[in-house]
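Here chain A shows up in two complexes: once beside chain B, once beside chain C.
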Partner chain A sequence: MKYLDEFRNPEIAQRLFDEIRRMTTRPWAIMEVCGGQTHSIIRNGIDQLLPPQIELIHGPGCPVCVTPLETIDKALMIAAQPGVIFCSFGDMLRVPGSEKDLFRVKSEGADVRIVYSPLDAVKLAQANPEREVVFFAIGFETTAPANAMAVYQAKQLGLRNFSMLVSHVLVPPAIAAIMESPATRVQAFLAAGHVCTVMGYWEYEPLVERYHVPIVVTGFEPLDVLEGIRRAVAQLEKGEARLENAYPRAVRREGNVPAQKMLADVFEVTDRAWRGIGVIPRSGWRLSERYREFDAEARFAVANIRTQESPLCRSGEVLQGLLKPNQCPAFGKECTPRTPLGATMVSSEGACAAYYQYGRFVQVEDIPVAPSV
Partner chain B sequence: MCLGIPGQVKEIYEVNGVRMGKVDFAGIVKEVCLAYVPEIEVGDYTIVHVGFAITQLDEASAQESLRLFEEMGRLEEELGSSEEGAGEVSG
Partner chain C sequence: MIEPIDFTAWSCPLPLRSYPTIVMGHGGGGKLSAELVEHLFAPAFRNAALDALGDAAVLTLESGRLAYSTDSFVVRPLFFPGGNIGKLAVNGTVNDLAMMGAKPRYLTAGFILEEGLLVSQLGVIVEEMAAAARTAGVQIVAGDTKVVDRGHGDGVYINTSGVGIIPDGIDIRPQRAQPGDVVIISGEIGLHGVAILSVREGLEFGAPVESDCAPLNGLVEAMLAASHAIHVLRDPTRGGLAATLNEIARAARVGVVYEERKLPVPPAVAAACEMLGMDPVYIANEGKLVAVVAPEAADVVLEAMQRHPLGAKAAVIGRITAEHPGVVVARTGIGGSRVVDMQVGEQLPRIC
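Coming up: the complex of A and B.
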């Protein structure tokens, strides 16, 4: 596929590996924020081919993983109500709530449907005026313009039977929270490319300055990820902290302005709880006053929820980069993609799912390494 | 979930007053919302996420990135710095 295959060229990748190896003189810990990048790294074995001094810390950029348990439980309650068509991206269906997941609710008779685009949910509302159609609007800044367009259209079309359960999260406050944490080991960030496609990267300039940390806007294909790492290492080795764009074919400093205008109309900033991490101030979006009538939490009675996390699940530490998935005692034993204890084992962007899918059952350090030549 | 796939715009039209189009992903053609890329034209490349074009793909910039990657290797080969560098690291 054009503009994918060229960025997967193994010979060029080898050159980038060589270059990174050549410039690395000390240990460095770099966090890739986005779960899509984590999967690219693990699938392609990038972490294993880098010089051993470079550690990649997997970040919290998995919207499915960080959607609060309380919100999942609310989704389960709403989906189970008679007359409701509950629409969601496919990733959410197996995410464990306190007692069950959306698949289970569906098997008990609820009308739960997987949609590819949020506009499919609007179409369902148009086609089923006697039913209440609820869309589970999760995601980072990348997905928000699509979800915003769905509610904007619903308003334009005067749909009274459409609503959204909103749990949007934002990357820059999460980066700030990671840097504020006393436990953090992160020395540089690979910023999530498509988040920056939408929002631009000007938001990251104050973070670079405040925390003196290099941030490199990075894409998803192997060459993109390697170029992001190469630039981060180059800065670290020189003691610099700058903002760089290593994904210029998709990202411009100002981002997508028409999308940002829509976001500013539909959403407003709010404090948000991140599953496994806790509340991060001003780290989410909720519907603005103008669209509050489409808020599923107000339309359906979903109070008095008592959440119960699995006592074995340590996904919070995984999401904060404090624990590698295969260091969790439950990994691959009590917790597998078929019987997940936490969302990180479910999502196509979850670090635990990546480690399981690509057979990372032991620590890289535990594998005997051939002596270097 | 933030994954975006590059594809080529084949057709542009309006549905309910919203700019929509057909995008070709190496032979698979899907309907995509083009509301956020008002300047895109048929033949241009875009990056699509959950049925929405989130940007026009900058083809010149893509070629430039690939050219820089190519050069990086060549420069090393010419200077023979690759082996030297590797020696420094392991030694």
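Coming up: the complex of A and C.
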């Protein structure tokens, strides 16, 4: 594919590895915020080629991983109702709620469909006026514009049988929450390139100042990730804390302004629970007053469902970089990719699932772990 | 009081050919069933064993070990770029036999038809099965048809079973993979799965993608003519190359290492995978094989493959190792490595 091979060039990758190795004099813990970056790191084996002093902490940036159990239970409840067509992105189907997942509800007779765009769900609602079509709108700022467009279109079309179960989350409040935690070990962030394509990076300037932490806007191809790490290490070694854009081919400071206008119209900021972490103030979006009629929680009366997470699962600590997956007592015992207790074991980019695969034949003690601060 | 209906004197007033769709009676064992056989299946599959129309086909086989396999086909949609369910059903079983080094000889075909299926569609499917059988050099010698109520099937389900003869001196099975062996793929991966996905979901990936559905027994014959030092053959269908390599690693208790950069991935498959967050090694193929070959025979087997039209893009992708038994490791494009496991369920498009 064009524009990809250039960013997977092994010779340039080697030069970047060499440079990072040369400049690293002491241990550093860097968090990549986005699940797509985690996926790229694992898929390309970047973590194993870095000098042992560099620890990558896989952050809470996988939207599947951070969607709260309670929201998944609500989704299962709505999907099981007769007459509903429940639409979701594919990888949400296997995420366990308290008792089952969407695959199981589908096998029990629910009409659950994988869609590739929320606009497909709007089309389904038009084509099936006698059915209730519900779209499971999860994700960070990246997926939000398309979801906002779906609600906007539904309103323009006057669709009464379309609604969304919204569990949108926002990156900057999560970074702030991680830095506020007294136990935090994170010393620099790779910000999520695609989130910044939409929102720009001006939102991160106050975070850099308040917490004196380097933040580097980073892309997803191997060379992008390596360049992000290189710039973060360079700042850390010099004792600097600046905001840098290492993904200029896709990201501008102001972001995508028309998309932001649409988001501001359709959504409003709300407190949001993150799976395994808890409620982070003002860290999510819900439908604004103007679009509240499309809120599936109200339409299907599931707003009062309350669910407790498994007491064994410590994915919250993993997501904050406080615990290595293999240090969790349930890891590989009660909790495996086939019997996941938490979403970090479900998603292919979840930190626990990645460790489970990697640790199967590499001694877990050999996996580099930066000393605790 | 309702008058009881007398069915004994009833017969369908219309002959088969004027029914545009399959009706329940086509599976009833009566005249409609007989006409379906007489007008559709028998002329298409024509051979002596089938024409005898006995309760079972009577076959004469040369001596040797018998390979025997069965497979059911439920693909949706029934027609896709590069083939249809009928072609798939013949080639699927032919390939399963060929992967044991057998020469496929005879197939049976069981049809489960959904009431309402267009007879013209069934006709095309059956014609293509007959053509695939001719290409592969096998005969379809027995069959069966049942009809289920509308809404209880996806048009057509087909089961094929087949037998083939394994020549003396051939011993091909997953357990024979040993450290040092070379792993070869016969061509570009991911085409069938992406072709199905593109029509099922209405997605486009730049260039149109056709299924690679093809019979591999000719290619296997060419390989065996070059060398008998072929230890394992597998066709990476569902679960893709990753599932096949994992099965070999587990069966033989060896490790498999492959180089990502050496995988033949066509641009449209690469584009589809980038767009949907999938990996080509998990995508189904229907006309490719993986060969595990003794190192000293690797060159001659590879050359024999590349001379055959179905192996023109064959490539060495990795090797068998004594390290990490039961585990498949990919060397990544930038020189890293990662474990490539089987998938738990089906591959799901990632959100981002």
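Keep this in mind: the second predicted complex is superposed on the first by the 343 of 373 C-alpha atoms of A that agree within 3 Å, B and C clash if a C-alpha of one lies under 4 Å from a C-alpha of the other, contacts with A are read in each partner's own complex, and residues count from 1 in each chain.
Everything that follows uses one rule, which is that a contact is a pair of C-beta atoms (placed from the backbone, for glycine too) under 8 Å apart; a residue touches a chain by one contact, two chains touch by 3 or more.
Just so it is clear, the model here is predicted, and its values are computed rather than measured.
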Which superposed partner A:F89 touches (first chain B, second chain C, both, neither): both
First (chain B), second (chain C), both or neither touched by A:P337: second
Partner chain(s) touched by A:I78 [first = chain B, second = chain C, both, neither]: neither
Partner chain(s) touched by A:M23 [first = chain B, second = chain C, both, neither]: first
Chain B versus chain C as contact partner of A:A296, first or second or both or neither: neither
A:A176 touches, of chain B and chain C: first, second, both or neither? neither
Per-residue touch tally on chain A - higher for chain B or for chain C: B
Contacts of A:L263 with chain B and chain C, given as first, second, both or neither: neither
Partner chain in contact with A:R43 - chain B first, chain C second, else both or neither: second
First (chain B), second (chain C), both or neither touched by A:I114: second
Intersection of the chain A residues that touch chain B with those that touch chain C: 1, 4, 34-36, 63-64, 89, 91, 116, 139-140, 142-143, 194, 348-349
Complex contacts: residues of chain A adjacent to chain B: 1-4, 6-7, 11-12, 15-16, 18-19, 21-25, 34-36, 51, 61-64, 89, 91, 116-120, 139-140, 142-143, 145-146, 149, 153, 156-157, 192-195, 197-198, 220, 223, 227, 248-252, 256, 258-259, 262, 347-349, 372-373
In the complex, chain B residues that touch chain A: 1-6, 8, 16-18, 25-26, 33, 35-38, 45, 47, 49-52, 54-55, 57-59, 61-62, 64-66, 69-70, 72-73, 76, 81-82, 84-86, 88-90
Sites on chain A touched by chain C in the complex: 1, 4, 8, 10, 13-14, 34-36, 39, 42-49, 63-64, 89-94, 103, 114, 116, 138-140, 142-143, 194, 222, 337-338, 348-349, 357-358, 360-361
In the complex with chain A, residue positions of chain C that touch it: 201, 203, 261, 267, 270-271, 274, 276-277, 279, 324, 327, 332-339, 341, 344-345, 348-352
